[in-house]
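One structure, as structure tokens, below. Some questions next.
Each chain carries a letter (A, B, C and D) given by its place in the written order, and its residues are counted from 1.
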Amino acid sequence: MSGNSMGLLFSVTSFGESHGPGIGCVVDGCPPGLELSEADIQAELDRRKPGTSRHVTQRREPDTVEILSGVYEGKTTGTPIALLIRNTDQRSKDYGNIADTFRPGHADYTYWHKYGIRDPRGGGRSSARETAVRVAAGAIAKKWLREKHGIVIRGHMTQIGSVEIPFQSWEVVNDNPFFAADASKVDELEAYMDSIRKSLDSVGARLRVVAENVPVGWGEPVYDRLDADIAYAMMNINAVKGVEIGAGFGCVTQRGSEHGDELTPQGFASNHAGGVLGGISTGQDIEVSIAIKPTSSIAQPRRSINKAGEAIEMETHGRHDPCVGIRATPIAEAMLALVLIDHALRHRAQCGDVHVDTPRIPGRIG
Amino acid sequence: MSGNSMGLLFSVTSFGESHGPGIGCVVDGCPPGLELSEADIQAELDRRKPGTSRHVTQRREPDTVEILSGVYEGKTTGTPIALLIRNTDQRSKDYGNIADTFRPGHADYTYWHKYGIRDPRGGGRSSARETAVRVAAGAIAKKWLREKHGIVIRGHMTQIGSVEIPFQSWEVVNDNPFFAADASKVDELEAYMDSIRKSLDSVGARLRVVAENVPVGWGEPVYDRLDADIAYAMMNINAVKGVEIGAGFGCVTQRGSEHGDELTPQGFASNHAGGVLGGISTGQDIEVSIAIKPTSSIAQPRRSINKAGEAIEMETHGRHDPCVGIRATPIAEAMLALVLIDHALRHRAQCGDVHVDTPRIPGRIG
Amino acid sequence: MSGNSMGLLFSVTSFGESHGPGIGCVVDGCPPGLELSEADIQAELDRRKPGTSRHVTQRREPDTVEILSGVYEGKTTGTPIALLIRNTDQRSKDYGNIADTFRPGHADYTYWHKYGIRDPRGGGRSSARETAVRVAAGAIAKKWLREKHGIVIRGHMTQIGSVEIPFQSWEVVNDNPFFAADASKVDELEAYMDSIRKSLDSVGARLRVVAENVPVGWGEPVYDRLDADIAYAMMNINAVKGVEIGAGFGCVTQRGSEHGDELTPQGFASNHAGGVLGGISTGQDIEVSIAIKPTSSIAQPRRSINKAGEAIEMETHGRHDPCVGIRATPIAEAMLALVLIDHALRHRAQCGDVHVDTPRIPGRIG
Amino acid sequence: MSGNSMGLLFSVTSFGESHGPGIGCVVDGCPPGLELSEADIQAELDRRKPGTSRHVTQRREPDTVEILSGVYEGKTTGTPIALLIRNTDQRSKDYGNIADTFRPGHADYTYWHKYGIRDPRGGGRSSARETAVRVAAGAIAKKWLREKHGIVIRGHMTQIGSVEIPFQSWEVVNDNPFFAADASKVDELEAYMDSIRKSLDSVGARLRVVAENVPVGWGEPVYDRLDADIAYAMMNINAVKGVEIGAGFGCVTQRGSEHGDELTPQGFASNHAGGVLGGISTGQDIEVSIAIKPTSSIAQPRRSINKAGEAIEMETHGRHDPCVGIRATPIAEAMLALVLIDHALRHRAQCGDVHVDTPRIPGRIG
């Protein structure tokens, strides 16, 4: 376990570099009997894939997934599911310059000092390309959660740079290039992103992910709390710098009389907890919000050093997302799904036969 | 591993309930040869202990720690270090009422549905009392990090409710009951907390933890990123609802030209990354900020339900912190220490013999 | 995880040295609702405890266990169960000699080189005293397996030195100091052990452990096979040098036509597999056999070296079992129970909802 | 972790079925900077591959390995190394019969009851074909151990059915189809195996694996003992029913005065311990012996049942090894290498900076 696996019972072990032969993962622990095809996974991959609008990287990877194992006659068998996505758009070019310098905001400097060797081509292992693997693995988790428990996991952008995007409706999220839940904001976002791109700069973003219909009782009490595992999963996404559950940082100025969600026979009166109390799901929606830093690769001159420790100036040209946050929505959904399925299985292991007479109250009143 | 252990190589396995015989933990993986006594641990415990001012719970627990194993003639032996803190201030009282109802904002409802049984005395396992164990284990981690690597881990409150507390100096943090780094704010905080208490309410808080002198190269690339493990650790603290690394949510409105920390031979030009790039430490200060919700136990009437699912009204009297965030400072320091020592050992395992000629630049210019 | 925990879902984290304040463990993952008292555990500890006959060590430890957490009103709560056994019979004596030399057959030399420091008192962490902890944890596992699945786990000695002990009946096993399943052999064993003791020597032993009523389907397919986890658990017992499942080494000279257990609607026709095929339980009895080396501490002069690397001669006096294998029976039962409960929970997690129409055939014909 | 990963720090996650698209694994935790090419791995795979003599299965798989990640410019980068072996010799045939019945001695019955679904083609996941993956991963481990520590890991058959094979010389082991260390035995073995094959039967086997030059101090004290992890690894090999370390079952009749290896300044006087004391390596050779059951697939009629639970008679035709033990030699070497590298890294993590003045005595006198 050197940092490339996550999940105790539904575990994903990821591999691959941006410009090597391919990327992929082994999903171990998927319950048997789930109907699964490459098309199920491809549908999620296509939501993340580059080249879909002018606001994301123009790299063109078909990102075609192959299931190498663990599925027989269209159903999972309980054995490991290996997924492989071949890399196809590795442009042949000279990486000599990148290989000897450290791009600001990137992992070049830290990888170099940690490993003493690094694959500089497209960022190697630290490339956001690796996140395709999580979306693929997450597609399996999502499907199981939906079919077994009716759980729906969805995300949308709430802010891109200075533009806040209110929530209007889930309906429109997949119909615009910004995963915006308010169609009336799309024109403003288009113009804003165009201006960012023209200024040879990039911006940060914020998004929200919600899981509905999670049963009460999933999670652990002290160290593998459901919200802690979610924070871990989200902060594992490239470029994420902040995570909130429920009220998040808003709780700092709340009073206890406001924050603590009251219970009524008709349901919880509010959801400041974001669906988790004491590390365990309440049955309310799991509410997560994350902050994503602006893309580090920009075409402006920036100061840095080279391997010899000498000062240099560099600008990064190429096919980069001006806001990496945009394509993070399916990734964040996938990460949340991976955490939830793991806790679903953990719950079944220890408490699968617990019966409680107390009625489970609805997540929300009315 | 049912949610009571953390750490891969320096692992802490916690046990105990608020009003049972005691709480404690087993620390496995501490390198041999570290000088360690109960006094080393007690010093940290005393910073967290209740009853030190009128602004925290008046529960009086001496919280005396006993080392049961793993230390011989004043030094760690490399074998597990078991720590035990006996509970002494369990007031004998009737918990019948609490046992049949679910306090809003608490884990009562979720524990009940998860386990079908719960120890209601003082919150049982979900009590913040368990955090004493982390402070104890963290004291060992802190000492090793300091002696082996010169790492200093410190925290201070940055906001209590609506009162922001600027950073002035580390010197004063331990000299006031609020872990405030600005002595001039103490009077205002005293008055503010008195007013909160009088209104029978509670408030949230925000604090910052910093680790200085962390070497470049600690962390993992994809899933057990240093910042992800920090987010996990922090969100595992009772009542934490948000975690930020470096710029945190502030990165949403930053441009790439601002956020990406430039490198110069004299050091990094800024630290928006908070000391972590690509999941691996940069050699800059690790900067973490967390949000802590207001205490859920307040003496105001609140709506809830009982085990039969019927509507009730309850108010929680007793010895509660009006702002649980205050005593969270040593806990957050401990959690950061636990994450760092684990990654120190992981780094040594995989990359302990890596040698790089590139100079390691200082964390900060000037 | 530095070698003091075992089990993925029902995990035992052990601590303690032979002559420190105490030994104990944290059991994490026990399902909630199991009736459990200290008496349940004490009963198993008493089967292992020293001083019960002249054929085992005369050290007198009451080995009284205290439950520190995880049990409320007589039932497990699903939270960690911490167990503590205080050491009481640490004779005050000078360990200076032992501290500077390495006893042949003991872990002194290896601990010293690994850790650079060791607690020499009574073997410190490497003392067989630590096995009391496993018996205590195993008592919980045994009880759950029996109550939930009707599983019965029993062991008996099959050979002590040159004396083979046939299986006659489980009835007599706990009625003689040798855990012999043949009462007619007890006199011979008494005389044999007396002669060994008089010759200032020790002997090896062999024992068999059986788990009945294990359902078909527990185990994992490739790396955490049920039999592999059993082999791991058994070899983790001090002094064990060999492990067999089913036919064991006898399979070397078997033909496929003999070894492969035929299936009939009335049950399996034989059990050469020892209850495990492809790493997964068959529903037949789990059959395990282990070899235990002779006690290393003997009162004869033996060659060794001291810390300076100089040749010395040493004999070990004190209160030692002339055959450590004798008291290993309850330990081996406990280890098997710990493996089985872990796989019971793992099975429930991944395959808890699998339904198969095929009848489960009985373990044995007739 | 559902039973398809092994290793804490150098972990192998395996995937694939006998007749699916391919088999492979992800090796996570390999230290950076190791020179590695597909040829290094292929050399070990070729030792295990089928079709090399008339005494093993005639299935013809080139078993060509592809490195998908983790290697850059001929060196490991510290990131995961994914290996893929495409399946090429899946004969198209009707598996209907096998799909509805359970072959005696195989995992058919247990997989079916565990998962409720199974890939019957060639045994699916339970096929010995999966062991190619371990040989591939083991090749990496072997190379690192050899280059970093000078460790040599070698195995040879010690018995096939009733024919014992004495050790004469390592030189000849790879020059005969039986991995025999005595060339004079080869004719007898040829004749013996021919007779077994003609009788439509199969036989068991026994082999020995040795690791030379392992430093003193690797291993863990209580639960992840080096010998326990070896036993686990070996018992994870298909068809293994017994494991011995050092004297193994021979210790049952030994006296303590014989078994306990004396230490002298010139080295240990014997190696009954098999290179492990108290779970930690002594610096002597690690000595392991395993028993492998006879091939279950034989062309004789055997009793079984079908999915409906009805009695049937079946014989298994096809391309099967008459003694699966023969090709197990490189697999057992690989498994030992995987355990050793994991403990090498674990040792470095916890005790990498321990310095002891005591001289390390040689493994053997003279």
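The rule we apply is simple: a contact is a pair of C-beta atoms (placed from the backbone, for glycine too) under 8 Å apart; a residue touches a chain by one contact, two chains touch by 3 or more.
From a predicted model like this one, the values you see are computed outputs, not experimental measurements.
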item: Pair of chains joined by more contacts [C-beta pairs], C-D or B-D; value: C-D
item: Taking each chain's C-alpha mean as its centre, the one farthest from chain B; value: D
item: Chain A-chain D separation of Cα centroids, rounded to whole Å; value: 38
item: Chain C and chain D, separation of their C-alpha mean positions in angstrom; value: 26
item: Centroid distance [mean C-alpha coordinates] between chain D and chain B, Å; value: 45
item: Multi-partner residues of chain C (each touching 2 or more other chains); value: 1-5, 8-9, 14, 29, 32-33, 78-79, 114-116, 125, 221, 346, 350-351, 354
item: Complex contact set, residues of chain C against chain D; value: 1-6, 8, 12, 14, 102, 104-107, 109-116, 125-126, 130, 159, 161-162, 196, 201-206, 216-225, 227-236, 238, 241-265, 269, 272-274, 276-283, 291-298, 300, 302-305, 307-311, 346-347, 350-351, 354-361
item: Residues of chain D that touch chain B when the two form their complex; value: 8-9, 29, 31-33, 78-79, 221, 345-346, 348-354
item: Chain C - residues contacting chain B, complex; value: 1-5, 8-11, 13-17, 20-26, 28-29, 32-33, 66-70, 72, 75-82, 84, 114-119, 124-125
